[in-house]
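Multiple structures follow.
Common to both upcoming complexes is chain A, partnered first by chain B, then by chain C.
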Partner chain A sequence: MKEATSGTLYWVQTLLKIAIFLSITGAAVSSRLFSVIRFESIIHEFDPWFNFRATKYLVEHGFYKFLNWFDDRTWYPLGRVTGGTLYPGLMTSSAAIWHLLKKVGLPVDIRNICVLFAPAFSGVTAYATYKLTSEIKDSGAGLLAAGFIAIAPGYISRSVAGSYDNEAIAITLLMVTFMFWIKAMKTGSIMHSTFAALFYFYMVSAWGGYVFITNLIPLHVFVLLLMGRYSNKLYASYTTWYAIGTLASMQIPFVGFLPIRSNDHMAALGVFGLIQIVAFGSFIKSQVSWEKFQTVMFVSLAFLLVLGVSGLFLLTYFGYIAPWTGRFYSLWDTNYAKIHIPIIASVSEHQPTAWPAFFFDTQFLIWLFPAGVFLLFLELKDEHVFVIAYSVLCSYFAGVMVRLMLTLTPIICVCAAVAVSKLFDAYLDFSFVFQKSKNGARKFDKDAIFTTITRTLVSGTFVAYLFLFVYHCTWVTSNAYSSPSVVLPSRNPDGSPALIDDFREAYYWLRMNTAEDAKVASWWDYGYQIGGMADRTTLVDNNTWNNTHIAIVGKAMSSPEDKAYEILQAHDVDYVLVIFGGLIGFSGDDINKFLWMVRISEGIWPDEIKERNYFTPSGEYRVDAAASQTMKNALMYKLSYHEFPTLFGQQEGIDRVRGQTIRAEDVGDLDYFEEVFTSENWIVRLYKLKDRDTLGRDLKSASQFDRAAARGTKRRVSKRPQLELRV
Partner chain B sequence: MKLNSAIRGLVACLLFVCSTCEASIAKVSPSSSKRTLIIYDKKITDLRAYSDYFENLAQLELDLEFVSVVNDTKDIELFDKGVKLYSNVVLFPLRSRKISKDVTAETLIRFSAAGGNVLAITSPQSSTEAVRTYLNELGIYPSPKGYQLSDHFQSRQDGTLQLDEKSIRSNEVISADGNALLYNGSAALLKNSELLFPVLRAPKTSFTKSSRDEGEWTTGTQGFLAAGFQSLKNARAAWVGSESFFSNAFYEVNAKAVMDITKWAFLEKGVIRSLGASHSHRDGSTYNEEPYKIKDDIIYTIGLSEWRDGSWKPFNSDDVQLEIKMIDPYYRVTLNPSNATEEVQFYTSGEIKLPDHHGVFSFITDYKRNGYSFVFEKDVKAIRHLANDEYPRSWEISNSWVYLTSIFAVGLSWMLFVFFYLTSRPKSLAMPEKKMQ
Partner chain C sequence: MGRMINVRIALTAIVILLVQAVAATTPANGYPQTWENIDYKRRVDVSKSYLQETAEIRIKNIDSIANDKYYFALPSFVAETLSYLSASLKDVNAFIDSGIVHDQPASEENSLTFALITLPASVSPGDEIDIVVRFAHNTGRRPFPERIALGDRQTMLITIDELPLSNYETLHYSIEFSGASEFSHQASENSKLAPVSTKGGLALKTSASIPPFEPSPIFTISYPHDGSFPRVNNLERGIWASHWAETLQFEEYFELVNDAAPLESGFSRADYMKKQLALKKGNHLATLEIPLPAEASDTYFTDLVGMVSTYRVFGDRLILKPRYPLFGGWRFNFTIGWTNALSQFLHESKEDETYILSVPILDGPVNTFYDNVSLSVYLPEGSQVVQVESQIPFHAQEVSHKKSYFDLREGHTKISIQYKNMVDDLSKGQLLVVYKLSSQSLYKKPLSIGAYIFCALIAFFVLKSQ
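Right after this comes the complex of A and B.
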């Protein structure tokens, strides 16, 4: 699209652009509202509940208290220095919006701001993508890219209404930072690179994934240097960005000195050093002859390489630089996490991506993506190198971790937009039809007719693809990505839709019926929800900062009742919460996660917990009569299936998730815990730790005595007991 | 928020009023009601032989009810619709297998768990299943029917033994006065339970044996003649293996020991209570006014009083401890006596520095001694980390002066450089050109 600079055409174009943008933003926001319409205005999933709780704290207590927040209601009894271990960007943003709205006379409930935060920011993302793509190609491609990113399911998956997560704001900031970086790099403008650094700072404050920018921009610069494209513009923009960005990022308490101590940040520092040397080199080059320069260059390069590499090794060895983090290793070796850090491997988001997911999340963009990259290769301007580096790096990462699909989606949109726009540039051009030939008469020869037909065909096909894309995106968004996962959609026997609301039922019960300082032990997945919805103290939560503490809960869950009781008593636990899907067929329950609990605690206590013991002799993971004795004795098994067979009237119950038969004699009696609450569909089951027996007996023999008394069994033991000597 | 805190304040006031009420009731006596049930068997026990003992019991202002188990009597009930009817029960040896239809071992255990005190007396003639099962659950294993404690080094014909001072194992229950006690009965084995402790021990040369030749039940000092048990909720049970120990025949000698055991079992002796543990900052401000942070200086106090001779007196001890605990104890400090009032002895930790570790800590006093009621005070409080502006400023740390100097030196020299760069003229560059010429 040619852009007019003045006159009527300019105004028409501007008006059109504004109209297009309004409709893109409208589409972006409205497609993200499915969840609110289908369900209600509610915070989704797990992490958002923490962000929501933190935001409420910030709004209630102010920034100073928030910054120094010591949270004694999580990670009991360790507590969590929450203010110093979170990325505050998201909370401060929504608190700022809340205060702003209050100032202008619109007092909105903070929950609604949090719920609608992600959709609102998706509009900004679309604009930033437009600007970025405009820098890469032209504004036509920009508009297409904006349209794509607005409704691409890969991005929507993390930004529907209610999905109040760091990523909701982070993708926006990612695109804005890159947009400013491209501008700065093209113009060498210090202002633009300062903006890039400031938005980088904002990004650092919002999401741990900022490391991606920290590495991508230096990679871009490094590749440009290798290509011999050093320029003063590049020098000015990179050094400005690095200096301001790094200093700013160190102001976030959670990041602190990482930018100079962690290996993840060393690339940026290295390139910063390298560009100084290159700058110096190019200065020398302009002063001395070519031959002399060559020797100087070779000697100094070799020297620097040796010095740099050995320096890095030594500093890492002596512990001045933190070694690479586990998540980083698992990026390169997909099996690394499974072997060394089960806590990372246990998260479904960290699993490798399945092939269909790419198509599911981006539809036809995925096959336009390579075409776009190829087209950029043909031109290969400096900014195109950036897009290519981004594409290659992120394609790999997205293949390793499902979660990183999110960072790949924007660049897919950009590249696909470049491809489509290039195609439309060529095929949507029907101007020749209206061109008059030299003699003034309209020319209708054979060529023109064929050209018209082919162009109509190709453009028509692609317009149809675009149409299908919109359909696909709407379908995916409404069916796959709009469930809050706190409330589960289901169907009644007659086919009418129904909601399974067990989680909120149970959390509300906890909130209303237990002491305010009651401690609830559950697997870490539910920690944030218990904290957010039930407002009770938890032992572990989704923050997972302390692997040992999680392993303690895992050990309790995989130990026999009496041992588990000791562990839980030592941590002042009052209630144990388990998720059980066997009745309704909810497959994400604790029995299915149980092996991870075993593995994580085995990592800490390899002598006491052994994964092998939880399998049948033939190596199967079973819960029916064939299950191993260790499995049947495990607390998790007992708590999940307690009283389950009696529900079926006989001595057997059918677990619908595993499709296995549970027998009453396998479940056994519960001596140390008592059931206090089970939700409507048995998804959430709550148990209370019994008080210690006041007569000093262990609870097992106490309840055995009670059961014998209830049955009326007489024990006539007048034999001399074998007792230890009293001293 | 304000309404909320107002309600909280109101609730706190109410609680305070309630607790003071409770305290004033407790001032009267540690055991709230005095209803005492004495269960005996007419066939083997003639109450007249124990008149001295019952007279002394009456002096304790107990409300005594006597019930004999005969096969056709009305049912004895310890509970009425789940509410405990008596605070104390005395069980004399019974010949019948059962106590009554409704009073089984399980009822007795429920009675103990509900805070009732039991004094169980067995003898070589008794064989009640319920009592034995009940005692077994507590960890006391009395010898079965027909077993008699004897000692061939003592020469009495009827099997009566003299117990010297060494036999008294608990000074908290029986304070020895040098006189030997008379004992004729059976012995028991005791389990190693933390709640159970021996009161009287059999002599070194004694043994428990049945007239039928069935092997010894106890031998030497592993046989016990009286034991005390205290549940986690401070309900007490005492067991004595001899009926005649309480009888008029031995009463002249045994009177003091008998009454000591009874008083102890009925919460008239060895009862201590705490008057609330409290802790605060060194300057007296409480946690609610200013939450603790790491390395704060705090003071912990606890007051203990003991029920002695019908009134609360200060309880003196040198082993009261404070534990500051987060899973593991970080501190275990022995408290020192500070001031005392007529009723209460206060103990204080003095100024102690909180651990250099943030987290949720429990401030615990766990005083569990045989013969005394258990005192357990626990308060869970969070100790926060230092806030961002509570660290010393950089210039206050002498080490940082090196770095501060270098920062300012670089800044200054940069400004100088700019100044000279802007003001100096390129004369020096022109000079060499002239030379060239």
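Right after this comes the complex of A and C.
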């Protein structure tokens, strides 16, 4: 696309571009609103609940109190230094928007800002992608890329309305940073690289995935150096970016001195050093003869390599540089987490990606992606090297971890846009029809007709593909990525739509009807939700910073009632919350997650908890009569199935998730816990720890006595009084 | 307009808890003995979630001069939760002046509260007149036994003074209870009352003369009550008037609690389902019925964690199903809202851009007692409050500002009024707000918003052209 610089054409182009961007933003935002329209303006899933809670705290207490926030309502009794262990970028952004809107007379509720944050930023992402792709190819490809990224399900999966997570803003910042980096690298402009550094800082403040930028830009520079493409522009942009970016990133409390201590950041430092040497070398090269320079280069390179590697090794060995983190190892060895860190492996988004997921998330872009990379290879300008490095690196990561599909999607969109735009450049060009031949008459020969037909055919096919893509994206967004998972859709007996709202029912019951400082023990998945919706103190939550503490809850859940009672009492627990899907067939319940609880606590107490004991002798995981005795005695089993069989009239109940029969005698009685609330569809069950017996008995014998007494009363009542006279 | 003024006159006549301090110097033993209660009929109705009492008294002037002031005594613990007190003449359908006397004479043991009833005309010495005093309060009732099992029958207990508490001597006295299928009572040993047979309910009477402020034995009435006792701790009612949208928006935040007997053990959902209690009447509160103003639209029901999908609108009634059934002692905070046309409530006076807004003071669920009600009326930005009239006496009033959407200057004009001890019966009461709103300030807002957007576009154009 040729760009006019002045005159009417310029304004027409500007107007068209604005119109196109408004439509793209409109499409991006509206396709993310399925959940708001179908359900309501609600925060989704788990982590967003924490971010929402933190944002509310920030808005209420101000920035400095937020940075110094010590949260005593989670990880009881340890608490969490929340202000120092989170990425504040997301919360500060939405708080800033909240304040800004308030200033201009729009006091929007903070919840609505949080819910609509991700859709709003997806529009910005589209614009940044447009700018980036324009740098790579031209603005035609840019518009295509913007259109792709706006509706690609791979990105939508983390940015629907209500999905108020760090990724919502991180992808935007990723694209903006890269856009500025490409500009800086092309022009050597200090301003652009400063902007790149500032957005890098913003990214650091928003998402742990900033490490991706920290490594990708140095990799780009490194590859360019290896290709012998060193230039002063590259030097100026990289050193500016690195110096400002690193210093700025160290201002984030959670990051602190990591940029100079952690292995994740060493590549950037190494390349920074390397580029100094290369700069020095190129200076020398311009001063001395080629032979002399070669000798100097080889000697110094070998020396530096040895020094660098041994220095890194020694510093790591003596603990000055932090070794790689567990998540990093699991990037290289997909089995690493399963063996060493079950808590990472227990999260479904850390599993390797299945092949169909690529097509599901990007549809026809996935096969245009390699084509685009190949086309860039043909040209191989400096900025193309960046895209190629990004593509290769991210393709691998996306294959290892499902959630990294998110970082791959933008580059897929860029490459696919390059491919499609190249194709359209050639095949949408019908100008020859209007060209006049040399003799002045219009030319309608065979060639022209065939060219017209082939061009119409090819571009028609691709327009159809684009149409299918839009259709697919809408379908995927609507069906797969728009469920808040707090509320489940269902149907009334008469077929009208209804909602299963058990989570909020139980959380709200907790919030309304328990003491404000009550402590709730549950599996860590529900920690953030309990904090956000029930506003009660939790033992563990989705932050998972303390594996031992999680293992304590896991141990309590997998122990028999009396042991569990001791553990929970020692931690001041008042209520225990379990998720049970057996009644309506909700498969994400605690019995299905139970093995992870067992595994995690086995990691800490291998003598007391053994995974093997929870299986049947034939190695099956069962909950019916054939279940092992350890399983039947486990607190989780008892709390899940308490009174469940009695609901079915006879002594057996059918668990609809596992399709097994639960017998009343397997579940037994509860001696140490008392049911206080169960939600309408039994998804959430709440139990209270009984108070210690006033007569000093242990709770088991006290409960047995009470039950016997109750049976005795019944028997006595049913007995007729004896009235016959004894003489 | 005419109809409204009629309603207004009729309702202003219920000068309930009239805030008027009657400076009076009285002896320590109450006010002068100017009257005699010839016949004192007391009725207690327990059918609602609060107690409604009626005292029908035939009084005789025993003074040497004509009198028109009768002092009605109430124990202070009743007065604390007293919702309304109204007096009327028997057989005459009109209210007469009555109000709590705030300058109380210091009394010895149980402190008393007096209401002053001013008769429409003085009564000559020796003449008799029948007055009826009605009041509602929320004291002296508790469940017995205190906790019950899921699905059990609930029995309530009222402890009440057996004898009338009066400033004057009473010659004949009877007390009657109604509103429950059966009553059983435990009279104290030295009870002066004898039971009388009645159709339903319980009645007792005595013909012995009762001296003023006679210390009364307490007696205890128990009766089955298969229902809930909804009580609203706090109600924050906001009413937003918009002249541009032609709407009056209502938003009410309730802090609801059920005062019924709590469960003796935890709530067992299995039992609840097996006994099918969701379909039966019991002391749990499963649904709330809220009458809405006619033609209300855009109804919503939310709570602190989001939307509650279980509600229906049938005509002018809103039926809410809380997230969980409220058993005794359980709480549930929620917000409801709806929109009405402004013309239903607003009347424009012809001269000098003055408007009269007449809104109901309450719209909450039926059969409910309110501890505190905070009513806020939000008028458009730039309006000036001329006058505020509440047909129900209030506790405190304030005019301030509140910034809302597109308020670029001082914000909406907010009138907030605090009420205490309200009952659903008072929902007929109206609040009248007279305010001025010039057409200048009405048009100022859209024009200034338009100007800002215009400036932004021009700025964009200028920046792009360079």
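Keep this in mind: the second predicted complex is superposed on the first by the 706 of 727 C-alpha atoms of A that agree within 3 Å, B and C clash if a C-alpha of one lies under 4 Å from a C-alpha of the other, contacts with A are read in each partner's own complex, and residues count from 1 in each chain.
Basically, contacts are C-beta pairs under 8 Å (C-beta built on N, C-alpha and C of every residue); 3 or more make two chains touch, one makes a residue touch a chain.
Computed from a predicted model, the values in this text were never measured in an experiment.
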Touching partner for A:697 - first (chain B), second (chain C), both, neither: first
First, second, both or neither for A:533, with chain B first and chain C second: second
Which of chain B and chain C A:562 touches, first, second, both or neither: neither
First (chain B), second (chain C), both or neither touched by A:76: first
Partner chain in contact with A:624 - chain B first, chain C second, else both or neither: neither
Contacts of A:425 with chain B and chain C, given as first, second, both or neither: neither
Chain A residues contacted in one complex by chain B, in the other by chain C: none
Residues on chain A engaged by chain C in the complex (per definition of touch): 14, 39-42, 102, 104-107, 498-499, 501, 504-505, 507-509, 511-513, 533, 643-644, 646-647, 674-680, 682, 687-688
Touching residues on chain A, where the partner in the complex is chain B: 64, 67-68, 70, 72, 76-79, 81, 84, 253, 517, 570-572, 692-697, 705-706, 709, 714-718, 720-721, 723-726
Chain B - residues contacting chain A, complex: 104-106, 109, 112-113, 129, 132-133, 136-139, 141, 144, 189-196, 198, 215, 217, 222, 224, 231-233, 235, 326-327, 358-362, 380, 382, 384-385, 387-388
Complex contacts: residues of chain C adjacent to chain A: 265-271, 273-274, 303-310, 323-324, 329-333, 403-408, 464
